[in-house]
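Note that the chains are named A, B, C, D, E, F, G, H, I and J in the order they appear, and that numbering of residues resets to 1 at the start of each chain.
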């Protein structure tokens, strides 16, 4: 099935307005004071918009204020449904493969540095940057930053 | 099944020697001039050792030179078998969840910044760092850096 | 496969000693100052023992101090492998069924009471109690208590 | 697919009326003399409404009496379809993870305390509470209370 | 994998003794005052033996009293692992197919006759009988009898 | 997805008429000279109606004779699609669990009583009865009766 | 895993003796008065041997009479475990593909010719033949012959 | 989901016309000079129609020549989607079970008779016949005939 | 579900225009200066069109310039959703089977020839050719050509 | 599990001898007059050795003639078990991804060029070549060549 069927109904309205206004996620992120990743997640229904986000988005994208897009975006997202797992999209699969191949290496290093616990995926932020090396090749740099949560002794 | 059954036979020897010598991945990484993540991946059979790596590891860990651990570590790894997918280990699951929740957001931002292609998971490196914020809370920072590979037009 | 194949090697030693000494989880929990659920999780390799836990357990269960059970129990657990999911054991399946049937109800109530976030399963504790009602029927009462983690705005 | 496709047709009507009337599950639970969890389960089609529940809900939510929402809510629910298993929603996954990690620990403790049997998920009730600790942190407390059912000897 | 790998270790001892003594499940059931189905379940590690069961079985099967078969049989069974689901064994698949084909029919009839609830599989017994019809054909008659458990209103 | 999507198109018409006429499966079964389980299976598209069944149902339910419900009900059912397997509905799951837990016990007892073969699920009938024991508790009694089919020697 | 792990323990003995004696399934089938397919099924633990089969096999293959191969072969087979489904072996996959592609065509033709029922896979026999056409090409001809079982009206 | 959703759009038109004209697959097969199985496969979108097939079918079924049913039937089928695997339909499951139970027996006999290779499922034909034995019982006989393809040495 | 449901909305328009204009993929590939495989991938939404591709396709296929097919084809494809995996289509399954059977052989040969790394499926092209051998038999020749990517040492 | 557990027992002997003799697949392929891919497949138990292959391999690798490696290699391979599907090894996954992304494109082009049928994976050969482009970059070129098999009309 197409990804559209998996997204909340307001996603289509957002993507259409973004295309019509020729705005990038970078533009929108700047206007909202949020990360591009968070803004894209908002478009895919994977993050929640604050009232301020909604106000700025409505203005920036020219959304009709009486539509219920705004109300929906402030609802509690039903996360995790955007795509199948394991991912079939090559770009997303590469991230999955990193978890598959290096998962235990990350665990071993994190346990050694922090103890017994996890990196939160909730109290979490992320960004995507572009680097160009001396040979002119581009590199994608994804930073995952999550709060350290030790297992509670009970 | 225990993870030991999923690892190459030299893994047990490496972990035992590391424990006996009270070495951290950080110590070993410094001695090998590699990242801690890569060293841990080596221990889990997910990366390949160069002859220099083997020479230094043999000395550092006090591995008997006539064992075939060295030869095995220079073989071509059979990657991806360390653990089940979806991961059942909470620490590793959080990384999987990030892919599940933010996969399309990463794709949208990367497509916008770079075009049609992927971030390589092969021409790739990664590191784990610890940050402590002003409130004293610790944060895990994982950096994923992969070469940009555009889809070839054909 | 039998559950024994899925547990760390020290599990068998602990269960045997517990049976031989005719100790209950309640006895051990009292001696360790921990919850019975945590103690049972320790036996199944799903929780980590502190040095004090190990010292008390060694004494209480009469474990030979030179075995490496103690060292293993202080290692970082490789959690989540004790049994298959969906569970095939009827007692455990009932808990799974509660998540299946009431998962969205819990989410809706928690979102309403707390906002956008999750109940942590890491910064978490749990206990099992027995209640007998006025008709003499017994009830199992499981309390799940986890820290509230709001999604970080980024 | 969106969760709406998985719910009975009356769910949308209930959620819309609740939003329009600015009622919380707590308000509705008080009016019906039921737990918030049960009320939310009713909204998701996972519990059955009594004639009294229907009468009160119709009045409280301002449902048109001639719609067949009432009749449907008194039908026998086709439970268990609200979401996928394993859950992809982070909040619900945490509950699943608790079953995965602590399932055998719960079984061991319950067997020790009660004998050979299960905690019923049918003759069962549950509630969600909020606690704030001395540091001002919030905790989610979920209580699962099910009747003890011993295996019949036959 | 062979079924033997999925059974508790005492199963092999029981089956061998039964074959050596040329006893049927009917014989053993009569001696124990239990149903043949329950006795077979005991052999497959799916039911628990009482001390009396163990005493009679030890005598009947000529088990050496100092083996720990007896102790194991009184432990709490780890049920549900005897075979794969969906079943690959034709006889067992037919039972699975009955659930697949008639599951909703059973639900509809039971809801009509009893209300909103389930037939317990715990407070449950079962028997297998043989009938021969007037044409000389044999019929297998399986009776499943479980206590009615209504969903608790909460 | 809702169960309605999995059923043949005539199912909705039958259920609606049954509700409108306030008929029970017992009423309909009596009128058709069939078992309640078979009648419910007919409603769910899991059994085939004879011309006499159709004639009586049309009259009893007041179906318009020119609809093609009748023709469809005499077609060959495409069985097995009513619900997912493993079942997510608690009532149906209990039946599945009985197969999971007692499957090999049934096989062992049936092999002992009948030889090498199966109980047919085709040349088969079933009924559901209610029993009330001396304490006033209700019990569900499901009888599964299938012809014995020995494996042909070839 | 290798197929050997999935077969009963007597399979290896039979295959070894067959190779040592340079016997074909055709030779053995002739000696036993059975089909080659049935004999191969016997070797893979998917069919039951009669006492006469065992007597002839023991002599033909030179099995030591005091081994318990004979006894095991007369036990009730635990069928269906020889290989994974979907099959990964190309020869067996082709048979699976025929079911996948032509399953509904077979059903439609069989329903038309026979009514509402199934072809038994129990009261069943099968053979494999070789045909060479006029161009010298070989064809495999598999005949599946099963008793017609109409659904019982109940 | 209903099988209709899985079939090409022309399937419904064909089945309706067949019913309206009271034609059997046997009638149609005779008119087209093809096997009944092939004709049924054509109806389910699992085989391709030649221009002559289309001409005859159009006339026989009274299809409107200007519909695009004809064009569609001459397209290249997207095979294998008619039903789920493992099959849930009892009739089709029996064929699947034959592959599961006898797959390795077929392989062993075919390897012995033909060498290292497979029976083609492409260069393949099949038929269904009815036999009545001396006791009056009906038997379904399915013949699978595929060209022998030896593995190429390379 | 039909493949149409899995493709982007512009796919239907492209296929219809191609059929109406009686163009082959070869014709279109020549006009676009691309491989037939790439053109077919474009039709199935698995590759991205450049502005020049869109201009030529619009002219060649007579697409209405004001439709948004052009804009959509220049979007970033959501790859990998065209069909199920494992494939059920026999032609595509054969390619899957080659990976299943020869995957490790390809890996061993590639590692020997190139070292530790992968063949890129992104920096990649492919073509399909027809060869006819001396006996008149046709052969399909698929060439997969991907850039060699060595694992980065880190 | 390690790949060794999935391979026939002679695989380990072959790989060890190859390493000890410092032979490449290219060396062995030249000696046997076979493709490197076929030789590697032989080592992984996915292809069959002819008597001549065995004679040359025995000599080349210095295998002890009285071992039964030779006999085993002439047996009929039980293909398809070398690794899991979907593949977890990155190199093999890339091949799987090509099938996932381009499967329908290959089908469309092949149908257009050849008609209704498949490329055989049995009457099939393959090779791996290395190309270096003008920039010094290496490319992996895999050729898949299979006989065209049209669907038989029946």
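Quick note on the criterion: a residue touches a chain if its C-beta (ideal position, glycine included) is under 8 Å from a C-beta of that chain, and two chains touch if they have at least 3 such contacts.
What you are looking at is a predicted structure, and each value in this text was computed from that prediction instead of being measured.
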| item | value |
| --- | --- |
| Over-half contact-pair match to F-G, picked out of the listed pairs A-D, E-F or D-E | D-E |
| Relative orientation of copies chain E and chain H, as a Cα rotation angle in degrees, nearest 5 | 180 |
| For chain A paired with chain G, centre-to-centre distance based on mean C-alpha positions, whole Å | 54 |
| Distance between the centres, which are taken as Cα means, of chain H and chain A, whole angstrom | 48 |
| Overlap residues in chain F, where contacts from two or more other chains coincide | 1, 3, 37-38, 79-80, 85-90, 93, 97, 100-101, 107-108, 111, 117-118, 120-122, 124, 126, 147 |
| Full enumeration of touching chain pairs | A-B, A-C, A-D, A-I, A-J, B-C, B-D, B-I, B-J, C-D, C-E, C-F, D-E, D-F, E-F, E-G, E-H, F-G, F-H, G-H, G-I, G-J, H-I, H-J, I-J |
| Contact set on chain I toward chain J in their complex | 3, 24-26, 36-38, 40-41, 43-44, 46, 79-80, 82-83, 85-87, 89-92, 94-114, 117-121, 124, 126, 128, 130-131, 137-148 |
| For the chain E and chain H complex, residues of the former touching the latter | 86, 88, 90, 93, 97, 100-101 |
| Residues of chain B that touch chain I when the two form their complex | 34-35, 37-38, 47-48, 50, 76-77, 107, 111, 116-118, 120, 122-126, 147, 149-154 |
| In the complex, chain C residues that touch chain B | 1, 5-9, 71, 78-81, 85, 121-122 |
| Interface residues, chain G side, partner chain J - complex | 1-3, 19, 87-90, 93 |
